[in-house]
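Same chain, two partners: chain A is paired with chain B first, then with chain C.
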Partner chain A sequence: MASFAGVLLAGVLLGGIYSLVAIGLNLIFGVIRVVNFAQGEFVMLGMYATVVAYTLLHLDPYLGMLLVFPLLFVFGMAVQRFILQPLQNEPMMQIFATFGMLMLLQNVVLAVTGGTAVSIRTPASGLTIAVGPLQVSVARVVALLAVTVVAVGLQWALHTTMTGKAVRAVAQDRRAARLMGIDVERTYMLTFGFGAGLAGVAGALLTPIFTLTPQIGGNFILPAFAVVVLGGLGSVWGAYIGGFLIGLTEALAGFYLDPALKQAVWFAIFILVLVVRPTGLFGVVGAEEVGLRVQE
Partner chain B sequence: MSALLTVTALHAGYGTVPVLRGVSLYVNAGEIVAIVGANGAGKSTLLGAISGLLPPTGGTIMFRGADVTARPAHRGPASGMALVPEGGRLFPFLTVEDNLLLGGFTVADKAERLRRLNEVMETFPILGERRFQLAGKLSGGERQMCAVARAIMSRPALMMLDEPSVGLSPLMVERILAAVQTLVARIGLSVLLVEQNTVEALEVADRAYVLDHGNFVLDGPARTLAADPRVQQAYMGL
Partner chain C sequence: MKRRVFLAGTMAAGLVTQARAANPIRIGAINPYSGGPALYGDETTRGYELAAAMRNASGGVLGRQIVIVRGNAATPQEGMAAVEQLSGTVDAFIGTFISAISDAASEAALNNDKLYWETNALATQLTARGLPNFIRSGPDSTDFARVSVQAITDVAAKSLGVAPKDLKVWVQHEDSIYGTTIGKDQVALLRKAGVQVIGPNPYSARSIDQTDIILRARNASPDVWLNTGYTADTNLMLRTARDQGFKPKAIVVTGSADTFETRDSLGKEYLEGILVATFPRADINPSYGPGGAEYLAAYRKAFNRDPIAPQNFTAYTGALILFDAIALAGATDHPKVRQAAATMDKPLGSYPNGFGVKFDDTMQNTRAKPIVGQWQNGVVVTVYPEPAVPLGGKLVALARS
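== the complex of A and B ==
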């Protein structure tokens, strides 16, 4: 019984990490309709930036976040402005471009670091708290709390603030949004910047947990895709809850089947959902919320 | 006194295909001007070019004394120009209220935006009733009302309407056009109205232009055009 509870707990905590990466990915997809294959590499950049801030400035990763978010935000805005916007009328090319960015970022970081793994020991690294008979990593709990704050905050902002309403308007009908006086290109830049910033925050939160290599992005992007398809394209809650479902699936499959099978299990779910319910579990408020209508 | 809107020798098209071949028109303050013409004549293209959605390939557009040729569409509302596009194009997964609020997106003062929201809901009581409903769930007539109301939120000097009557019952058409006329009288609005429903359009308009294959072939006072046998035969089904 204790071991089953342990598996569930591990799954939820892992799910929190996947949600964290998936929310930014899904925001970018929902508004700009670009599948950002490089989102995992943005997380990787966030992790390296956190390590640099820790090493040079002795900033704890949780404080380093305050530096990493704006850094990745500006980086994301530049990517949207100078790479994706010129390809705006060629969606296929945008996807190739993000894939190219994945390769580029990975290889540049590989060249710069020589590919050596890095890990830092922060106060949170080895810390655990006891939950009944189980020992729980504090850093993972912090990540879980953080993703919850992000999901609630983002959902609130999208539905309550004028900027949030404008972002949703752009997602649903960008031509009509222009007629409201909304600068669509600027909204895209802010959205991509924000999505990249969230990847940076995810990187900072994950630094105390994972050993860092230039290829680490791949560990997050595959489950994040599964999360997005499962939860529903474009939906904040879909990404949040989908993360837990994938995390739980991975933990259960790893415990009862074979840890090596975890990816096979994700993709079995991935394909099953695509066949049975293409809009994802939160389809109605997900894919349709962003408006599955022809643009311009 | 110069006109509110003056379009001179406007050319526009898609890719290499020309649609508008040098059209000129003007709209004075407080006027309702109609543009009538068959399917594919270029009516929507004209409104797209004036609003900035589609950069013209030639000609000039002057609005309130400023050259607005090829200005990006998102600068329109702040300058006093609003377009109600074909079909209304509400944001279907936003509430009626949020759609209306977005009409006032360029109004920086939140209190002022809310004041205007209450005002348009008084003008169109049905929208007040549907306030928290998703715009995608409105009926065709309600949707057009909402689209007009959304455009009013920015307090435009010129409102351009692209076929507000399409798909509506004759009664609904009269109600929408009557609402537009009331607004014109009450807030001193000018209207550029594109319609296929030539009979109704010539009834509410002061002046009209007839567009055919990207050229204006006739123009004049709406009453004169309504009595013109060429217009009656080609566009009014008489």
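== the complex of A and C ==
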């Protein structure tokens, strides 16, 4: 029983990490309709930026996040403005461009760091709390809480702020939004910047947990795609809940079946969902065509 | 008349010397210098460059200077391409940090009729292929499996005061060919030694969560936890074990967790007492490996820091063995070098890291032995085999609780 509870807990905490990475990816996909292959590399950049802030400014990663978010936000806006916007009418080229960015960012970081694996040890990184017979990593709990705040906050912002409403309007019908006076290009830049900023936040929150290498982003992006597809294309809550579904599936399969097969299990579910319900469990029919739908 | 002959002879000898000096032995170093494994690829080739510089300072090989030419190969395909590209300008090839690259690059070298001298790649099947141009001076994965098992039967069991047959060992490994080959051999060797084995338990090195396998291991209550992986996944594994309160009496790690990258991740307090099966290190006893101190001094002088990883020392030694084989063969073409290398018979301890030379029928050096190190106060100290233990070095307690 303790084992089962431990596995469930591990799955939920892992799900928090997956959701954290997937929400930004889903936001970008939902609004701009670009599958951003470089989202994992944005997370990686966020991690390295956190390490730099920790090393040079002695900023704890949870404070460094306040620096990393605006940095990645501006970086994301620049990527949208100077790389993706010129390719706006060529969706396939946009996808290739994000893939090119993936390679570029990996190799730039590799050149700068020399490929050395980097870790930092913060007060949270080795801290655990006992919940009955179970041990819980504080850093993972913080990530779980943070993604919940992000999901709620994002949902609220999309519903109540003018910018959020503009984002929804552009996602629903770009041409109509433009006719209503919304600056579509600016909205795209803000959205991509926000999605990149969220990746930066994810990076900062995950830095106390992982050993960084220039390739670490690749470890996050595949599960994040599965989360987005499973949870629902373009759905904020879909990405949030999808993360937990994948996390729990992975933990249960890894413990009860075989650790080597756990990813195969959620990939099988991923394919099954694509075949049976292409919009995902919480998505809206046609989301892959029309983009973000905020769950009412 | 005699004077003229002498002068002509001297001039001819001078011309030959000049020609040789102007015609160095060029060796293509196939390693990843970009992509994830670049750090270790670079470090491996620095070993060749260091060996070449030292040998050049004492006159080179066959009177010719040695030049190391880098060929970047982050994938097997790039390995083949690098060999094709360099084949016209080099005399032989040396490598490799990754077995899959060595596999492809050595085939390409054979197509170009060039020697491929392997120093660091571990996969057993590299020599089992029987390629006529392929010679390995370093240990293979079976050697690593064997020494990691000795870390349990000869080191941990004694330290814990129990017989090997009374030990229960959890064996896990990352699931690429590297980890799988070693894990399989470990299980076989442990069973042969009468040890109770739980495993093998493969896992994906790319997984961002290892709690499941740690919980499985914890539930099995082993005395020894034996892990084979790469740096990042092993660090995550050790962190997860720490967070989950998994405290076997001994932890043995094969092929990683032996550099500052792991110390920075976990801290010296947690690592204290952990055993690592690894390439020989520069701290080995001079009577076991004569020249460790000189190597270390040369490395520090050349690169202004300590070696990043022990792969460098093995690469350095492997290059020295190659130079000796070329000198013995009087040529660099692979049939002659192979023939000469096959006659080499040097006991353990002939080279700086403790290697000797005796190739078997597959041209695998049977006298290339990894060692067991132990984390002690933030550094890895050689603790096995006994003759390799540095002066004043000793095993410290293994217990984690």
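The rule we apply is simple: the second predicted complex is superposed on the first by the 285 of 296 C-alpha atoms of A that agree within 3 Å, B and C clash if a C-alpha of one lies under 4 Å from a C-alpha of the other, contacts with A are read in each partner's own complex, and residues count from 1 in each chain.
In this section, a residue touches a chain if its C-beta (ideal position, glycine included) is under 8 Å from a C-beta of that chain, and two chains touch if they have at least 3 such contacts.
Predicted model, so just to flag it, every value in this text is computed and none were measured.
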Which of chain B and chain C A:55 touches, first, second, both or neither: neither
Is A:260 in contact with chain B, with chain C, with both, or with neither (first, second, both, neither)? second
Go through the superposed model and pick first if A:169 touches only chain B, second if only chain C, both, or neither. first
Check whether A:160 is in contact with chain B, with chain C, with both or with neither, and answer first, second, both or neither. neither
Regarding the shared-chain residue A:14, is it in contact with chain B (first), chain C (second), both, or neither? second
Classify the contacts of A:178 with the two partner chains as first (chain B alone), second (chain C alone), both, or neither. first
From the superposed pair, tell me which chain A residues show up as contacts to chain B and also as contacts to chain C. none
In the complex of these two chains, what residues of chain B are touching chain A? 51-53, 72-78, 82-83, 85, 89-94, 98, 101-103, 105-106, 110, 150, 154
Can you check the complex and tell me which residues of chain A touch chain B? 162, 165-166, 168-169, 172-173, 175-184, 288-291, 293
Along chain C, where are the residues that touch chain A in the complex? 34-40, 42, 175, 201-204, 206-213, 215-216, 219, 231-232, 235-236, 239, 242-245, 261, 264-267, 270, 308
In the complex with chain C, residue positions of chain A that touch it: 3, 6-7, 10, 14, 17, 107, 110, 114-121, 125-126, 128, 135, 137, 209-211, 213-216, 218-220, 223, 247, 250-251, 253-255, 258-260, 262-263
